[in-house]
Amino acid sequence: MIRSDNGYFGEFGGRFVPEILLPALTELEDLFFGLRDDPDFWEEYVTLCQEFSGRPTPLTPLRRLSKQLGGAQIWLKREDLNHSGAHKINNVLGQGLLVQRMGKQRVIAETGAGQHGLATAIMAARLGLEATIYMGAEDIERQYSNVFWMRQLGSNVVGVTTGAQTLKEALDEALRDWAASVETTHYVLGTACGPAPFPELVSYFQSIISDEIKEQSQRQMGRLPDEIVACVGGGSNAMGAFGAFLEDHEVALVGVEAGGLSLEDGKHSVRLSHNTGETGIAQGYKTLFLQNDDGQLGDTHSIAAGLDYVGVSPILAYLSQQGRVIPESATDDEVTEAFSLLMKTEGIIPALESAHGLAGGFKRAREMRPDQNVVINLSGRGDKDIFNIARAFPQREWTEFLQREAARSTELLAQKRGH
Amino acid sequence: MIRSDNGYFGEFGGRFVPEILLPALTELEDLFFGLRDDPDFWEEYVTLCQEFSGRPTPLTPLRRLSKQLGGAQIWLKREDLNHSGAHKINNVLGQGLLVQRMGKQRVIAETGAGQHGLATAIMAARLGLEATIYMGAEDIERQYSNVFWMRQLGSNVVGVTTGAQTLKEALDEALRDWAASVETTHYVLGTACGPAPFPELVSYFQSIISDEIKEQSQRQMGRLPDEIVACVGGGSNAMGAFGAFLEDHEVALVGVEAGGLSLEDGKHSVRLSHNTGETGIAQGYKTLFLQNDDGQLGDTHSIAAGLDYVGVSPILAYLSQQGRVIPESATDDEVTEAFSLLMKTEGIIPALESAHGLAGGFKRAREMRPDQNVVINLSGRGDKDIFNIARAFPQREWTEFLQREAARSTELLAQKRGH
Amino acid sequence: MFPAQYDDLQIMSHAVVGFPSLEENEKAIAGLAAAGVKLIELQVPFSDPVADGHTLVNACYEALKHGGSVQATLDLAQRVCARHPEVTFILMSYLNPLYRYGLEDLFEQAAAAGIRGMIVPDWPVEEIEPWLPKLDALGLAPILMVTPNTSPERVAKITRASRGMVYVVSRMGVTGHETQWGEKFQNYIAEIRKHTDLPLAVGFGVRTADDLEALAGKAEVAAFCSQYIEWQRDDGSEVAAQKMHSIIETIPQA
Amino acid sequence: MFPAQYDDLQIMSHAVVGFPSLEENEKAIAGLAAAGVKLIELQVPFSDPVADGHTLVNACYEALKHGGSVQATLDLAQRVCARHPEVTFILMSYLNPLYRYGLEDLFEQAAAAGIRGMIVPDWPVEEIEPWLPKLDALGLAPILMVTPNTSPERVAKITRASRGMVYVVSRMGVTGHETQWGEKFQNYIAEIRKHTDLPLAVGFGVRTADDLEALAGKAEVAAFCSQYIEWQRDDGSEVAAQKMHSIIETIPQA
């Protein structure tokens, strides 16, 4: 895995946080630096992922689809089969091991769509930790199903009502909580962003994905893949899929961002390509942000709530600046098309986030030769967010079902009160 | 695995179908009998499960929960981590291999809650088969989310409006379709029930579960478990979990049925214990059915849609008659309690079906010694049916969310029409 | 009694016991008898009638709510067999209600009530064979089914175990849809005749005068059931009987 | 200018540029000056003010809608520094708006506008150090923060890089909640004084006359910000200035 130069990757990264958070970050960094080269620690982590989350996840060949597209052989790295339904759990389990070593009894996390919050709630339940999850009130409103699960898991979900009430504000609010609780609380950051050592630490745990891809591609293809494609929100699944291949220059690494509705301001989340992102310093680190001339962070849009983020991993900002990672983007329409194509041709329901990787990967595979191999990181499954997907594919039957279900639910509540 | 005596297990089993279905059943039986002792076929099946569904699924120790209950060590066999979220996919993938060998281009299936229908839709998409899924109109009404996915996967979902419009009628209707289409169509039966060779065939494919448990318990416990516990709907996950242990008499095998609201007629689905089920012949086979004195099949109830079935595997009927399988039941209330306990203590969201196994297993584990081991088969995950679970845990926030979402959905539809 | 081989085409029609009600069954049967129907199936309604089409499935569902049962069927048989000696009554049922009643008792009581034959679609020949001596002693004819995909060996076995008639399923599928009576069908009939001298009752998809015309001279019995039950459901038993009468009049006689 | 060490307690108060509006900022600052406030932070509103409590977060959100920006802050500074020479104006901002503006330009223009100090909560000392010669040359004092969990080595480093004052974060957490001024706090202050002769500005949780009474004689400056902004939000700038005046009157003088 890539290593930072004192928290920096080229010009990106760093640790721009209120002084009060510094000791916790240093403590975490010291702990992490002390463990990351310890094979026993890695083994402990791999065992945990195996026994709790079912790793290794398979590398699934898409035989029918590859034939249909007529280009390279396409393989999916099946992070959707993880416990909780996405790669997010890898990082969270790893941080759980650190929490236990630090002896802290409480964790906090920010979450946008809810996937990282859910993963954190799961880890907290499993380890017996108290958990508070910050989530924008607007996100809660739209992603209540994840909130439902987090609460069932025993987590305290706090709606953030400042600003636009979405992920960015939730992250700010989690930092505020942390500033007040840093001595007893660990902040489980959910992606390869934020102040050092988070980008490096999250990438380290997620690199279990590329470790497996490497071994599996040798076994299943007889060599390394020609390309690896991943969607890029904060960048954790991409760094996970790319990590072990950074020195293998024959393997192209492609990150697909959310092209949204268009490249107009506020209609997308493209930070790496198209010169839409500009260097900035916020949320604890320096990277390419969507922002205006005054340095105010911008609005974002994506059909996939998990890609709807204003910053991006400083490591990816650096690697794409260096030309090692090729940035691409996929529009909402391309994404729904790739989503349907995978479902109907291979029987796999992707997360809308991951469908960005599919859209980008399919496009590239089409231009390649049948003796080449493309691995797309399927970062999560789609059935975890039926509400989002139903919004992307409006249908009368679904609307009617929701109406009936709302009525049924009202009745059940009344019965419960009657007890 | 257990073998039938000409389709019978003791007095249970057989093949009581309209004559027109006989050739297809014989063809299937001949094919299956020719393959089941072929290690290459098993290997092909195991590889398919590995590469597409992520097998082997882990055996997860529940350290915190076992300690809290103070009895035996509890382990979960994690069928919830399968692609599609339940053990049902194992059987369906196996039958997919048979379909390919028969050269048929169309599959049909019955489904209750939708889990088996979803698994079938997935397999059909992956193999490029046409699929028609029969589902009671009443079940569609309540489980629309699975219908949504089946349709997105390209399957034709047909609502069955005869009788009580639930699983039983869907099964009847699938048999009717099959009678008309048997030469081109394979009927993918979803559980270890129905006419021979289905009980044997489904148990054979599902026995991959107990094969893995056996190997994993040797490795993780150093010996075989003392008990294996599974919920019993039709019986496929139970037969899957028990299969490899039938001759290991030191391993107790416990099947937990749906105790529902009470043992009153129509309020439960208990067929094996409590003398509620009586020998009968219907839906193509002989087993213990819930039925009245006139031989009419009875009404059933369970909080878990997938356990809400009137018959039971003839193999389990036989094994429980023989005393090899211990039948237990868990009431709806015990189930929701076990459900919450697992979530809050271990961070795993069980299917309500599987939560019956948990309820039964926790109760037994409590009475055992800490040096003993109980494996509970976690047949599926719960996040696949948030609507069911939300019904079991009524909450104001959920009701309000549904109302908002219904309004949002209506608006999206209007926009789409506007295009 | 059952027709003899090569007799003119007769109609077999149907009553679902309890549909639309037990009282109405008796009137309907009287109507059918008056209309010239010589064979009538008395169907024990069942919760899971897998070999029936939607018309009969729904009729069963209704019938169960109105008291249809094995006992009600035996009681009805007792009365109608006595009242209509010119009609041959056949018990039609799925296996489970009979099984629960007790097969031996059931056979004896059905025979005693005047029932002459039995059609049980989910009762395979292998399970029937051991009962043949008993059934023969009672004069209760098991009428087994052959279908277009039944192998010749199995046709031989089934016809061997059949008594009274052989029920020929006209085509793939369940009751109540359209079918064809062309060359393929005639070859099929011819194949079956190679194995048996019993008269053939053709069922599944016999719904119109055209169907009857097509079957005349090819089979001895046409099972005219779903269409009749639809008439009964939609127009009442009296009109249904009139329609039945009209359609019987159209059957060509040799 | 900045107070000297052990001067009587002074109030530092606050303006969020653009909140409630740019015009209102000028009136509010005039009101604060008239009320006897000697130090005023001019906060550049930011979309992601991680070190602020909800009052200031919401004020930033509003301010951005009403034209708050770096340029607006510099323009305002130009006017109010000239108009209120008795008040020391301090630029408060998160780093990004300044970084996007261009740090060098920004420092020069801020100094030229009359700004004397700078509080940038997410700008770590390591990143500030290289700028010290430039800032010193401009007379623009970086006011750095120490917190209760800052290690002694780091307090040394931070106080060394600070100019004008050291900002003492009173307790764990962000602005706008309650705090305590007991023995633990006094030990904390004493620790910091070991490292610096600069006056100390205590911030976070200074909301009442009691707080001020407690701080008098212990620190040179009390940052009275969130509470003031709440007054301004709820009662308008005029009433807020009156309240500020009343509270300043209560401060015990040595």
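Order of writing sets the labels: A, B, C and D. Residues in every chain begin at 1.
Following the convention adopted for this analysis, contacts are C-beta pairs under 8 Å (C-beta built on N, C-alpha and C of every residue); 3 or more make two chains touch, one makes a residue touch a chain.
Since we're looking at a predicted model, the values are computed, not measured.
When each chain is reduced to the average of its Cα atoms, C sits farthest from chain D. The distance from the centre of chain B to the centre of chain D, each centre being the mean of the chain's C-alpha atoms, comes to 65 Å. A separation of 37 Å divides the Cα centre of chain A from that of chain D. Per-chain CA centroids place chain C at a distance of 97 Å from chain D.
Taken as a graph of touching chains, this assembly forms an open line, each chain in contact only with its neighbours along the path. Across the assembly, chains come into contact as A-B, A-D, B-C. Of all residues in chain C, only 46-51, 53-54, 57-58, 61, 64, 69-71, 94-101, 121-124, 127, 144-151, 154, 158, 169, 172-174, 177 touch chain B in the complex they form. In the complex of the two chains, the chain B residues touching chain C come out as 14-20, 22-23, 162-163, 168-169, 172, 175-176, 179-183, 278, 280-284, 289, 291, 293-297. Against chain A, the residues of chain B that register as touching in their complex are 50-54, 57-61, 64, 78, 80-83, 85, 121-126, 128, 141, 144-145, 147-149, 152-154, 340, 343-349, 383-384, 386-387, 389-391, 393-399, 401-406, 408-410, 412-413, 415-416.
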